[in-house]
C-alpha cells in the first residue's frame, strides 16, 4: 500500500522535514533500501551511509545529520520504523484455530479457554494448559506437563514429562526441554545412568531459542528464572538453576548443577563447568571457558576465564611474545659475552631460541 | 503419600538413627528441602550444608556426620534416595499403547511384539523393529532402517535410510541420525557433494542426547560402539568410528573419519579434527581443540591440545606473562647500561616494551 | 548381485589389470573390506594399507602401486567406486507419493507439479511450492513461505513465516529457519524483544545441515548466498548476509548483522562476532574467535583470531614459554650478580619466577 511521506509522518507521530507529497512504496534498512523506499538512521554515524543510500526518505533520530534527505524525525527510531514496515507489509491476520482435529489430545488433558492446537501436535495424559496459549504443529507435550497462559510453543518443540512452563513463555522451534541428564557411574566396565526423577521448571516471561536443550534435574528441578532469555543451540545441563533476567547467547553450554544470579550475561559459545556459581550481573565474554565461581559484577574473558583487564593484558603480551623471544635471545648472547661464557656450550638457550 | 521415617528406613533397607515416628511428606536435595522432607548426604563435606538445611531427616552414607539430624544410613545413598523420591512421587503407570491409528506405518514395515508407536510417528518402507521398542510421537524412521529390541526413540527423532540401531539404545528428542556428510569438491566454482552411500550403525546400549547429529558414512558406516554415551548437541561427522563405552559430553564436535578407542572421555565443547585417532581411555578436557592423534591413557587440554601437565604450565606462564614483560624491560635497560648502549637508540626494545 | 571383476571394469569404464573372472560380492573402504570385496585407493600413500587389506581387488588411480592386487584403473576413483557400491547395493526405487492424505495442507497453499508431501507434514496458508519438490514427514511450513523447484526438505524441518527457499536447495532434518533474532533492550529491568519483522532468504543450490538454525532479520532478510553449504548445528544470527559458495562447517556461530564475501571457509566451532565483514576467500581456522573484519584471502587462527603465520608463531612461543621463564630467572640472577644486587631483596623477580 503506497503512501506519502506526510501520511507516514502522521502515522508514526514524527516531525516531517521535506516534501510531504513524496510517494513511498516500502521500508528497508540503509544498505538495501531502493528508490521509493524509506529507511532508518538511529545514530549520527549513519550519516555517511545515508548519503550513499538510494532511499527516498529516512526516519531519523534528532541527532542524525540527514544531509538534506527528506526525513521524519522521532525520538524512538526503531518503534517508528517498525510501524512503517508493518504499514507496507501488514501482518497476516491470524485467526485462532481452536483444537485441530488433526492434533492428538489426550482425553485427560485440561485446556483453558482460547487455546490453539495446530495439526500434528500431541498432548499427553494429565497435561494442563492455561488460556490463550498457542501450541504449534508438531509440538510434543508428554504427560503431566503444566503450561501457563499466553504461552507460545513453536513447531516441533518437545516437553518431556512434568515440565512446568510459566505465563507468556516463548519456546522456539525444535527446543527440547526435560531430556535425561548426562550423569553416569561406571559399574563392571559399563556406564549406568543416574536417577532421572526431576524435571524442568521455566518461570514467567522466559524465551528459549531454536534447538536449545535443557535437561531435567536428577531428583528435583532444573530451573530457569523469570524473564531470562536464551538463544539458539544452547545447552543447560541437569540441576542448573539460572536466575532472573539472564541473557544467554547462542551455543553456550552450562554444565550440571551450576547456578547464576540475576542479570548475568553469557556471550556466544561460552562454556561453564559444573557446580560453580556466577554472581549477579556478571558478564562472560564470548568463547570464555569458566572453571571457577565468578563474582557479582565481574567481567571475564578467555579460557581459563580471567577478569577482563588481566585477560586483555595477557592476550596483548602473547601477541608480542615472538618478538620478545627474539630479543630474549639477543640478551642471552650479550649476557653470555659479559660473563665470558660461550653460547655454543649453552644447549638450553639454543633450544629455547630455536 | 506421607510416611514415617521408620517405614522409609525399612523401604530402603537402611539403618535408622533417630525417632522412627517422624512424619515425612517428600524428598528433596539439600539446598531446597523444606520441613517435613527428607534429603540426602553422599559425602562428608555435606555436613555443613546439612546443618543449615530445613530437612527433617537425611539419607546418608556411613562417613557423613549428620550432626544429630535423624538419619537413615545406607551404603548406596543415591539408590536409596531414588527409592524415597519414587515413594513420594510415584511414576505414572504407562500403559503400552500399541500401534496408534494416528501413526503412519508402511505396510512393508515389520514390527516385533509389544512395539508402541505413538500418534504422529512415521515408519517407512522396509523398516524392521524388534520387540518391546517404543517409538514416540513425531519420530521419523526413513526406509530400510533396522532397529533392535527394547529401544526407546523419544519424540521427533529422525533416522535417515538404512540406519542400524542396537538393542536397548536410547535416542533423545530431536536427534538426527544419518544426514549427509559435509564433503564437497569444487568443480567450475561450485561445490559438488561427495557420495552419500553409507549409513550410521549404533551398537547396543548406546545413549544419544537431544538434538545431537550423527552423519552417514561416504561409502560405508559411521559407527558408534557398544555402551558409548553421547550428550546433547554433539556433532559426529561422516565415517567416524567411535569405540566402546566412550563418554562424549555436550556440544563436542568430531570431524570426519576420526576414530576412538574404548573408554575415551571428551568433555564439553571439545573439537577433534578429521582423520585422527584417540586412544583407549584418553581424556580430552573441555574446550580442547585436538589436531593430532592422542595416545591411549593421555589427558590433553587447550587449543591446540597439549598433554595436561604441559598445558597447565603454559597457562600458568601466560598468566604471569604481563609481569614478566615488565621485568624483561627492566633487564633490557640494565643490560644496555652495562654494555654502554643507549636505550633511546634501540627502537626494537622500545617497540617490544610498549 | 555378485559380479566379476571384468564386468565391473566395463561398468565403470576402467582399465582391467588382473583376472577378469574373479567373483566379487561387495564394495567397501580399505580398512573394512573383506575377502570377495573390491575396495578403493585414491592416493599413492594408500599402497601400504592396500597390501594389508583382505580385499580381492581394488579400484585405483593411475599413480597408485597396487602391489599385484587385481585392479581397475580409472582417472576418477570416487565416481567409479560410487558406481560399484550402487551396483552391489542398489538404491531403493523411490516412488513419488504425491500429497499424502495424512499431511495437513492449507487450501490456500499453491503446490506445483510433482510435489511430494509426506505423512505428517504441515503446510500453512498462502505457501507457494515449485515443481518437483519433496516435503518429508514432520516438516512444518508456516504461512506465506515461497519454495522453489527441486527442493528437498528432510523430516522435521521448520520454516517460519515468509521464508524464501531457492531452487534445488536441500535442508536437512531438524533445521530451523526464521526463528526470532536474539535482540533485546532493557526497560524497567526487563528485556524487551526487538522488532521481528524480517525473514530468511536462501538462494539457489544452498545446502543446510541437520539442526542448524538461521534467524530472521529485524526488518529485512537474513540472506544465504547461492551455492553456500552449511553443516550441522550451525547458528546464523539475525540480519547476517552470507555470500556465495561459502563453506560453513559444523557448530560455527555467526553473530548478528555480520556479512561474508564469496568462497569464504569457516572450519568447525568458529565464532564470529556481530557487525563484521569477512572478505572473499578468507579462511577461518577451526575454533577461531573472530572479533574484527577479515580481509579477502586472509587465513586466520586463534581467539582472538590472528593471521595464521603470526598465530602459529605465537602458539609455538607459548609452548616454549615455561622453559623461557626458567632461563629468564637464570638471567635475572646473573644480571643481578653483575650489578652487585642481592636477589633476595628483589621480591618482584622472585614472584615472577615462582
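Each chain carries a letter (A, B and C) given by its place in the written order, and its residues are counted from 1.
We take it that contacts are C-beta pairs under 8 Å (C-beta built on N, C-alpha and C of every residue); 3 or more make two chains touch, one makes a residue touch a chain.
Just so it is clear, the model here is predicted, and its values are computed rather than measured.
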{"item": "Magnitude of the superposing rotation for chain A and chain C (Cα, nearest 5°)", "value": "120"}
{"item": "Self-contact between copies chain A and chain B, residue sets same or different by half", "value": "different"}
{"item": "Distance between chain centroids, defined by C-alpha means - chain A, chain B (Å)", "value": "23"}
{"item": "Shared-contact residues (touching 2 or more other chains) in chain A", "value": "120, 138, 156, 174, 211, 233, 251, 269, 303, 318, 321, 324, 328, 331, 335, 338"}
{"item": "Complex contacts: residues of chain A adjacent to chain C", "value": "27-29, 32, 40, 78, 81-82, 85-86, 89, 92, 94, 100, 102, 118-120, 136-138, 154-156, 170, 172-174, 205, 207, 209-211, 227, 229, 231-233, 245, 247, 249-251, 268-269, 286-287, 303, 315, 318-319, 321-322, 324-325, 328, 331-332, 335, 338-339, 348-349, 351-352"}
{"item": "Residues on chain B engaged by chain C in the complex (per definition of touch)", "value": "104, 120, 122, 125-126, 138, 140, 142-144, 156, 158, 160-161, 174, 176, 179-180, 182, 184, 189-191, 193-195, 197, 211, 213, 215, 218-220, 233, 235, 237, 239, 251, 253, 255, 269, 271, 273, 289, 291, 303-304, 306, 310, 313-314, 316-318, 320-321, 323-324, 327-328, 331, 334-335, 338"}
